[in-house]
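Alright, structures below, take your time with them.
Common to both upcoming complexes is chain A, partnered first by chain B, then by chain C.
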Partner chain A sequence: MTRIRPRLRGRELGLLVIVALALVAGSLSLGAAGRLRAAQLEDGTTVELLALADSTQLLVFLGALFVAHLALVLAGRRTDQILLPTVGLLGGISLLLMERLPQDLAGGLGGLAQTQLVWLVLCIAVLTTLAVAVRNDGWLRRYKYTWAAAGVALLLLVFVFGREEESGARLTLVIGPISGQPTELLKVMLVIFLAGYLSENRSLLVEESTRLGPIRLPPLPYLAPMVAMWAIALGVVIVQRDLGAALLFFLVFLLLLYVSTGRFSFVALGLGAFAVGAVVLYRLFGHVQQRVDVWLDPWTDPLGAGYQVIQALHAFARGGLIGTGLGNGLPTVGGQPPIPALHTDFPFAALGEELGLVGILGILGLYLVLIARGFRIALAAEDEFRAILAAGLSLVISVQAFIIAGGNLKLIPLTGITLPFISYGGSSLLANAVIVGLLIALSERKLEPLPPIRPPGRLQRLLSRGAA
Partner chain B sequence: MTAGPRSIEGAAWTGRRVGIGQALLRVVLALAIAFGGLAAGAGYWQVLRSSELSSAPNDAAVIAAARRVLRGEISDRDGVRLAWNKRDANGEPYRVYASDSLSGVIGYASRRFDKAGLERQWDAQLSGVVSADPLRDFLRKFQADPSDPQDLQTSLVLELQDAAVAALGRNRGAVVMLDPRTGEVLVLASTPTFDASAIANPDPETAGAAFRQVNEDERRPLLPRATQGRYVPGSTFKIVTAIAALGSGAVTPATSFEEQPAAEERGLLVDGFRVRDGHHPATGDRALEFDEAVEASCNIWFALAGLRTGGEALVDWAGRLGFGQPIPFDLPTAAAQVTGGGGSLGGGFSDRVELANAAYGQAETLATPLQMALVAAAVANDGTIMRPRLVIAATGKSGTTRFEPSVWQRVMSAGIADEIADAMRQAVAGDIGSAFTPGANVRGLRVAGKSGTAELEPGRSPHSWFIGFAPYDDPQIAIAVIVEESGGGSVKASPIAGDLLRDWRAWTRR
Partner chain C sequence: MDPAVLAIWVLRLLFLALLYLFLWAVARALLRDLRAAAREPATELGRLVVVATPSGDPPPGSAFRLDAVTSIGRDVNNSIVLEDDFVSSSHAALTYRGRAWYVEDLGSTNGTFVNGARIDELSPVAFGDEIQIGQVRLRLERART
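Take a look at the complex of A and B:
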């Protein structure tokens, strides 16, 4: 075994310092706003304005980021240096936002921000562990059907044990003391499966063997997974009432299909199937219908179904170009923030108000950085599996960000999906940490060479791995 | 650059395919366009629609600002607090009121149920958004506090207001007391009252229950009767007819009508219809003069006087007193009327029968208690009505603004006013008059006035009225009392007026 030699990561360090400075500035601004407001209530007291909102929480978070950096330096791998600071800034913004909201909105570990901080630190730990430890991808590509089966099993578990939410969505799996949203993990498993399946069958899919008039279909046997994906997406909508996840799965699938086959016709076909499914769902299911109707015109029911969406639009409007400043927006009505479920579904609108259009463009820019780095890794990948995997992983994050941001902005119907790295919630943070951790690991130029293809026989493989 | 043979590429529109690298770049391009769409969407809401949405009345910030602001307090003329603020658990202020008796005047300012009464009418001053464009103030983010809530001092006297409501008791009704010299309103009572503090309560359950109850109450406590209740005025309207008849010169104080005594017995025939008087045997068969007709409340005399004055002059002179349009006031008022209008006769009467009946306050005459108090005030103040007022001072950061008295209407000459005042004094103090106005004559306070019994459709008890002023030779207070459908004729309203004038005198001596 070769000795691991530490390797300096100057660019990452520099970017992390910038991120830290930005977050300290944000925390100062938030702290000043909070203290000013408190002073106005008591009137007459002088306030110390130059202090952090919550120095401990911010220091813990920044500390975790720099420890992660140190770990990556010590690991000595030539991996991407942009992703960690990008995630760091997004997570830091999330932390500031959670500090700023009423602490009793959610969170069992001493408040909203405290709980989010725990998840953020865990998220950095998972990300770093994967970035350091994943040195080959064999375990990912070999067991693709296992991953897929596990994913479907998770879905079934939710179906059976899922806790129904107020909105009628069935997203949360509760088994004993552990609860989580398995769709978040499911999306990672699905990408791994798709990368494996598509890279393996790419050439077959491309061959024309089935023609329907002028339309070229993939060979029928290989159409099955496509139909299965479509069915899974529909199932997610019907069983879990989770429109966002369904949309995410299907879009990521279509885009990956395009990446691997290069055929736009498949995408067109998929979109056609999607349209048919959408129309049928709209006709059959009240919750789908309501979402779409609210999207088309929320003002027909401004105090009922349209309330959330309208309030979000007002938040964007109040923010304007430069925003109200952290801690100065989001007027409370009866001690509650103006938008229901703000911390999970509408952080984008909240940031739109407090950071303004400038801040929104900055955050969209951060996601674009994630996309750019992910696709760069894909382009530089040594084989198709890795290319499709890297593309798929960054697609999951970016498409998800698009779906929820678009929903907040009333560009598309609103769905209850999380804004990656910013929304409150552990499942989402951990799943996205897994994604970025894998991306960083995949970015190493000289990843260990693939082990030679072994003859089939799982037992034998296991034995041989055990012996290695 | 593309994989796949040319033949496939040309085969059909669906046939083109590209390599992984190319496909990746195209997907990135598509994502970039999608994110560009997000940026454009954000720009649309945050720049193009920004000011429109953020200034809308349903915007959370606008609502929150209104909720955060500490409304100015409202006090009575002696500085007693009538409305002030408390803070809920979130530190947001809410309104409390000194007494239920104020509900018809002060109204309420509630988070859920908006505002009513003075709280609504003077909202801009109370919440401090008096500048022409409150939005601009609000959007100036870096200004510490652009609002300037003002405390209002009213001309009300809380103890008299409470006394008026107590005197009305369980009856529906209203009392207006004002200073005829300044137009300052001391009492503006309306019953039944309601609990305005409960409607303004920060707890949505409490407020909702209170609001629902008040809305469902068949006795309509939300109607501010003193300013917006329109009642048949009955005989109190004879003062209006007197002003019109004497003012226009149609009759003089010495005028009497030959046909009147006989008509008392047989009824007055107007175009074939019988207008019958029903009372005062004490006047005998003599033809009454003006002051006697007022004292005896002679319907026939006033019917004849009204006919001689003519519809046009009657409506015209009533208009000088405020009839026909809402009275300018610190609260919304309903317009009083002499006739429903639209008729062919002068002034809009449909025929002489209606005119004859209107002349003694029946037919289609309707008046608010405030209007009738102003009729009394016109007589009391030498024929001049001062603009009625409730708010006498507003105090904000920039100091105190006082609202000075101003003349509203010069109705008639002082001479005519004196003639009518004399007659009204007789109506309270005279032998015959005091029979109609029991309890109105307060010992040591020379009260002048006129009672009224407003006949309604068959099956309903009449309204009981009293309007008047005191002291007769140096008027300082005018009063109107109505007790709805109280059944006992003027015997209901007159003693209430007497009691309240006694309370008023006690208050002035303090």
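Take a look at the complex of A and C:
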């Protein structure tokens, strides 16, 4: 066994220091705003303004980040040094936001922020473990159908053990004390499956084609299992009424098809299928119809269906260019924030109000960094599977961020999906941690020799022996 | 202006400024990374890595850069010269056609194998596939960027 030699990661440390400074400044700003408001209520007693909002929570989070850095240094792998600080900054912003919201929005371990902190620390632990331990991707590429089947099985479990939400969506799987959203894990499994399948059949998909008049279609037999897999996932998701996940899966599927084949005709075909599907769904399902109608004009029902969207738009408007400042936005209505599901579906609106246009552009910039790094890792990968996997993993995060940010801004119909690394919720954080952990592991140069070529069949062995 | 309000203003702007400082630092790192990649010699379309050779020459692990047309054989006029008794003088050709790599046997005595199967016509090779020429086993890999 080779000795593991620690390797300094200067760039990562430097970026983490900036992250720590930014989060301390944010926490100071949040704390000062809260204390000033309290002081104004008690008319004008002088207070100590300069103090962190919640020093222990912030310190625990920053501590976890630096421990993760130390673990990566000790592991001594030549891996990416930018992803961990980026995730750290997003997670830190999430923590500041949760500290600032009413703590009784979600139960759990003594309040919203504390529960989120526990999940964030777990998320960093998962990410670091994967980044340190995954040195071989054979277990991912070999069992692609198993991964896909496990994902679909997970979804089917929701029918049996699922809990119905108010909106009619069955998203949460509850087995005894454990509950989670299986679609979050499914997205990781789907990307692994697509990477495995596309890398194996890429040249066939590219070179051979079924002609249908002037349109070049992909060779049908090779595309069939993939389309079937996708249809199953999509069908289950539609029955589950989780439109956000359906949109995410479909977009990632199309993007990966384009990334691996470079054929725009496939994408055009997919978009056509999407348009047809969208019209059919709009006609058939009441909940789809409602979402689209609210998107087109929320003011027809401002206190009912359009309420959330209108409140989100007001929040962005109040935020303006640089925002109201952390802790100063969101005047509560009757002790509750005006937007329901603020911590899961609308964190982008809350951040838009408190940090303004400048702030949310910065946050979108952080997602941009994730995708830029993911594509860089894909370009440097040694074979197709790793390249498509890295591209797919980073696409999942960024497409998800786009879908929910666009929904919050009324750019596209709103779908209930989480903002990666910022929304409250364990399944989402853990699934995204798995994604970034795998990305970091994949970024190592000389990851490990590629797996041995699969042995040829008996007939081929006989032929080759005869020839040699 | 009330100093408390002023302090809050400063802190708010400081937070945003640090957010952008982080993005700037990352952008600089990414740019440096891309420049380092660009400094490396001209772009290649793929590389052929030696997996095993009975004679030890070329050594396993070494890699050949591939041009759009690469001929392989024992003759010195080939792009890749393999000194192996089982390799014909003009053995096989690797060609890159638009989107994928192809290998073709040029009428060699002992044949060309892709993933252990002998090929008798132009056949596609994917990255990660193993090509055997004579006793030399080679693997097609993506170009490094």
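Miscellaneous remarks
Just so we're on the same page, the second predicted complex is superposed on the first by the 441 of 468 C-alpha atoms of A that agree within 3 Å, B and C clash if a C-alpha of one lies under 4 Å from a C-alpha of the other, contacts with A are read in each partner's own complex, and residues count from 1 in each chain.
Following the convention adopted for this analysis, contacts are C-beta pairs under 8 Å (C-beta built on N, C-alpha and C of every residue); 3 or more make two chains touch, one makes a residue touch a chain.
This is a predicted model, so every value here is computed, not measured.
Once the two complexes are overlaid on the shared chain, A:Leu364 sits against chain B while remaining clear of chain C. In the superposition on chain A, A:Gln116 makes contact with neither chain B nor chain C. Look at A:Ala32: by the touch rule set out above, it reaches chain C but stays clear of chain B. When the two structures are aligned on the shared chain, A:Ser428 is found in touch with neither chain B nor chain C. With both structures placed on the common chain, the touch criterion links A:Phe375 to chain B but leaves chain C unconnected.
Once the two complexes are overlaid on the shared chain, A:Ala387 sits against chain B and chain C alike. In the superposed model, A:Ile82 makes contact with chain C only, not with chain B. Once the two complexes are overlaid on the shared chain, A:Ala317 sits against chain B while remaining clear of chain C. When both complexes are overlaid on chain A, the residue A:Gly262 reaches chain B and chain C alike. Shared contact residues on chain A (touching chain B in one structure, chain C in the other): 206, 261-262, 325, 372, 379, 384, 387. Residue ranges on chain B touching chain A, taken from their complex, read 2-4, 8, 11-28, 30-32, 34-35, 37-39, 41-43, 45-47, 49-54, 56, 58-61, 63-65, 67, 89-92, 141, 145, 202. Interface residues of chain A facing chain B in the complex, by the touch rule stated above, are 40-41, 206, 208, 214-216, 255, 258-265, 268, 302, 310-311, 313-321, 324-325, 328-329, 331-335, 338, 352, 356-357, 360-361, 364, 367-368, 371-372, 375, 378-379, 384, 387-388, 391, 395, 398-399, 402, 405-406, 409-411. Note for the complex: chain C touches chain A at residues 4-5, 7-9, 11-16, 18-23, 25-26, 29-30, 33-34, 37, 86, 99-101, 110-111, 113, 115-118, 124-130, 139, 141-142, 144-145.
The touching residues of chain A, when paired with chain C in their complex, are 11, 14-15, 18-19, 21-22, 25-26, 28-29, 32-33, 36, 39, 49-50, 81-82, 85-86, 89, 199-200, 202-204, 206-207, 261-262, 322-323, 325-326, 355, 358-359, 362-363, 365-366, 369, 372-373, 376, 379-385, 387, 450, 453-456, 460-461, 463-464, 467-468.
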